[in-house]
Structure formats: structure tokens, C-alpha cells
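So that you can tell them apart, the chains are marked A, B, C and D in the order they are listed, and the count of residues begins at 1 in each.
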Amino acid sequence: MAFQFPQKVLFKHCDPAGIVFYPRYFEMLNDCVEAFFDEVLEMPFETLHATGGVPTAEIATRFHRPSRHGDQLLITLAVTRVGRSSASLSFVAKAGEETRLTAQSTLVLVTADGRSRPWPDATRQKLLDREEARSHET
Amino acid sequence: MAFQFPQKVLFKHCDPAGIVFYPRYFEMLNDCVEAFFDEVLEMPFETLHATGGVPTAEIATRFHRPSRHGDQLLITLAVTRVGRSSASLSFVAKAGEETRLTAQSTLVLVTADGRSRPWPDATRQKLLDREEARSHET
Amino acid sequence: MAFQFPQKVLFKHCDPAGIVFYPRYFEMLNDCVEAFFDEVLEMPFETLHATGGVPTAEIATRFHRPSRHGDQLLITLAVTRVGRSSASLSFVAKAGEETRLTAQSTLVLVTADGRSRPWPDATRQKLLDREEARSHET
Amino acid sequence: MAFQFPQKVLFKHCDPAGIVFYPRYFEMLNDCVEAFFDEVLEMPFETLHATGGVPTAEIATRFHRPSRHGDQLLITLAVTRVGRSSASLSFVAKAGEETRLTAQSTLVLVTADGRSRPWPDATRQKLLDREEARSHET
């Protein structure tokens, strides 16, 4: 039930050492969250951003092993906590069996003027379903 | 004695909500570290990367308040721990008195093939001087 | 026979005006060229860059209409000229029937130390096949 | 009288070949234009974008020689034509005496809904002064 997002390591992601420049990983994670909101929550960013957004409040990331140009990464996103207007997510990026990156983030649903607002009921239920599914998997 | 790095929020940093897109903050932090290695440690990245690098092993970041296009940020970098081949850094980015971002990272000095190697003595001493200075400030 | 590369306009591509920030289009075009080298020329960038590269020597771009977050772009790449060690490409990016961007570029195959080198015969033939196909289409 | 913008080549600009990844040059050019609007035209982007913008309509770029990490670039911007609501600019980026990049662009002043609007008189005069100065220099 975890959401999976494939991402090949492209030329643009890599630095002079031939490995992913770490700020580019955050673009990948953001793309993954954008796809999750679109495909799972049915709350596409392009619609959501007409009336607000979901800024990231915090993110802690560990880069276990470097990723190289051409590597096929698979990013797995799980919902770990659902708050009134926030959600905590965890990410694991692997190349084959090797873990490259793990991260935990919290994002907050806000209005256009930046104040937090509660998840719509349907969205909240979808988030809770994902969280629930996750606890059963563990 | 903390290292300070001014950074105006530019058009390229901002998203459709008119605030800094969070992966861009990591480009700013990387620029700050690159300037610190150049100006304080006298170990410029362009020289260092001929024989290795200083990949970030982990970074935890909290985005306290959004930053807007045109904001004048001041990023303060402090050395919080010096290991044999690693160093821990802390960052605070402020606009005036308002804290926008805080982060703690650990980076590791590596050879060209990615194995950790000890800090050269002179570099280690410079890092320790910074760490020492910081403890006295606190 | 033209190579087609779909690209949704994502949050990361857009600026405070809600439209694609033009430097991000060049990342899209580079991704398109990287996919063309991989899928059509069977010369993946991750292999190619072990021994050289294909730097862009020039590119002229016209932005006909702005693209917005969520737009589904289709980028079409055509080979317009094949030189000894260079190739000229043309790009059209459309959203539905509307042209958003057109570009013409020239890239050059180089060795690791940056000197031009001739296309391998098999690659050259694949480029010529594409160029030929294009003239018949027109 | 030409506007000059220094830009060191940083780690983030460079690709696995150790040279500037060409889409990053367009971020540099955009930063240069943003500084020109702020410092010369006294029309800072952060103010301008409240009511519209200056999207780039076209840009033609030639990459004469690669730039490497650590190179000190100097970007020179000149005004080559002033239209009712548009302006054409030329750019030269050099490292010392060596030309790395030349570009010509046209940008257009637009309202928030994307329609072109005439330059304010004071801005137009500043643009014309720059264009005039340039013809005398040549």
C-alpha cells in the first residue's frame, strides 16, 4: 500500500564527483509528493495551489550511499501520522536492494495567506487509510 | 566567530506561491558551505574535488517561516562537532530578527573513490578553532 | 519518426507568476536529449560520460506562449543536420495543439579532454536515418 | 556603461564532466537581468512581480568554451533595442580574456494576466540611456 515513485538518476542530478548533488534529491522527493497528491489523494498540486499549498515544515534526511548517473531509484512514500492540518511522511529511496536515502518530513495544508487549515474529510480519510495500511504491514 | 553568508531571495528560488521552494534552500546551504571551505578552511571545493569531496551524510532542517522574493537572508554557519574525517554543522537563516530556517548537518571528507579520510591537520585545527570559539560564545 | 518526450509541468518548474521559469525548459530539453541518446542512439549518457560527452555548442529558443503548472507538454525532437562530430537538433514543445517553445541546437561529441571526435559509425547511421526520415515527412 | 555582473562558477553549476551544465547558465543570466532591473532600472523583480513580469520571449546562446568549477566569470549585459513594451539585451560572459558565452534575448513587460504593456516613461528613458551609451561605445 506504500506509494512508489521510480526515478532514474539523470545527468542534471549529478555533480562533478559523478554522484547526485544532494539538493537534487529534494526535487525528487517533491516530485514524489506531487505525484502522491495527484494519484492517491486526488488533490493535484496545480489545483491545490490556486487556494493554498502544502509547504514542508521540516525534513530530516540521511544519505546512506551515493547514487550515480544512470541508477534506477525507487522512492517509497509512507504516511506515518495524520494531524488536523498536517501529515508526516517517510521516504526510502533504493537502487535494487541498496538503500540510498531515508527521510522523514512533515507538511502542512495552508490557505493562500499561509494559515494552516484542516484536511478536507475525503483527503483525511485517504491519508488515514494509508497510515492504517502501513501499521498492518509493519 | 560564526561564519555568515548573506543571500537575497531571488526570482529563481521562488515557487508559484511566491515563497522559497524548499529544495532551493539546500542550494543556498551548499553555497554557504562552499564559501566556508574557501574562505575559512582555505580548502576551496574546486581544489578539493580534484581528489575527493565532502558529501553530506545527513541533514535535518526545519522551515520556521516562509521566505519571500526579495527577502535579505543572513545564513549563519557554526561548527558543532569535529570528528576524524567528519564535521557537524549548524545553520540558522534569518531575515532581520525572524528565523526562517534552522538545520544541522554532518559531512564527511572522502577520497575520489568515496572512502572517508582524515582531515589534514591544518584543516582540523581550523575546524576545532571554530568549534572552540562557538562554545565560548554560548 | 520524430522522437517524442512527454513532460508534465511540475511545481518545481514554475515561478512566482505560476508559469514555467525559462531555465527549467532547458532542463526539460536536456532530459529529452538524454532520453534520445539512450533510447534511439543506444548511447546512454551514463556510459558516454565515462569517456567524453556531448556538450551543447549553441541553442536558440523562442518561447511562444507561457506554460502553466499541470500542463501536459509533448516535446518533439528532430535531427536536422549530421556533421562529422556534431549534430543539429530541433525541438517543438506543445500543449495540445498550442506551441509553447521551439528551439534549434547544435551539440558536439567530445573526448574527456574536450576535443571533438567523430561519431561512431553505428551512431552516425542512426542519426542519418532520423534526418532522412524527417526530410521525407516534410 | 554596460552592466557587469560577476559570477563565480560554483559546485552546484557543474556536471559530471566538471563543467557548467548549460541550463545553469540561464539561471546566471536571469540573476544578471534581475540585478539589472533592481540596480539600473530601479524596478526590482520582487516589486514588479506583484503586478506582472518580464518573461523572456526568445534567447539565442552560443557556448564558446566550457567553464570550470572555480572560474570567475564576468557577465556583461547591454541594451541593444528598446521597444514599446519589449527590450533586447545582449550578454557576454568571460573568464579573464576568454569568452565563454554570448547571448541575445528579448523580454517583454506584461501585466499579471500576461498581456504586454508599455514601459513606464522613467524606465523607458533608463533603457534608452543604456542603448545610447552603447552605440557611442561601439
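The criterion applied here is as follows: contacts are C-beta pairs under 8 Å (C-beta built on N, C-alpha and C of every residue); 3 or more make two chains touch, one makes a residue touch a chain.
Only a predicted model underlies this, so the values are computations on that prediction, with no experimental measurement involved.
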item: Pair with more cross-chain C-beta pairs in contact, given B-D and C-D; value: C-D
item: Chain whose mean Cα position lies farthest from chain B; value: C
item: Same-residue or different-residue interface between chain A and chain B, half as cut-off; value: same
item: Separation of mean Cα positions, chain C and chain B [Å, integer]; value: 35
item: Centre distance in Å when chain C and chain D are each reduced to the mean of their C-alpha atoms; value: 24
item: Computed distance of Cα centres, chain D from chain B, in Å; value: 29
item: Set of chain D residues in contact with two or more other chains; value: 11-12, 16-18, 21, 23, 27, 30, 49, 69
item: Residues of chain D defined as touching chain B within the complex; value: 9-12, 18, 27, 30-31, 34, 44-47, 49, 68-70
item: Complex interface listing, chain A residues touching chain D; value: 11-12, 14-18, 21, 23, 69
item: Residue ranges of chain D in contact with chain C within the complex; value: 16-17, 19, 21-24, 26-27, 30, 49, 53, 55-63, 66, 112, 114
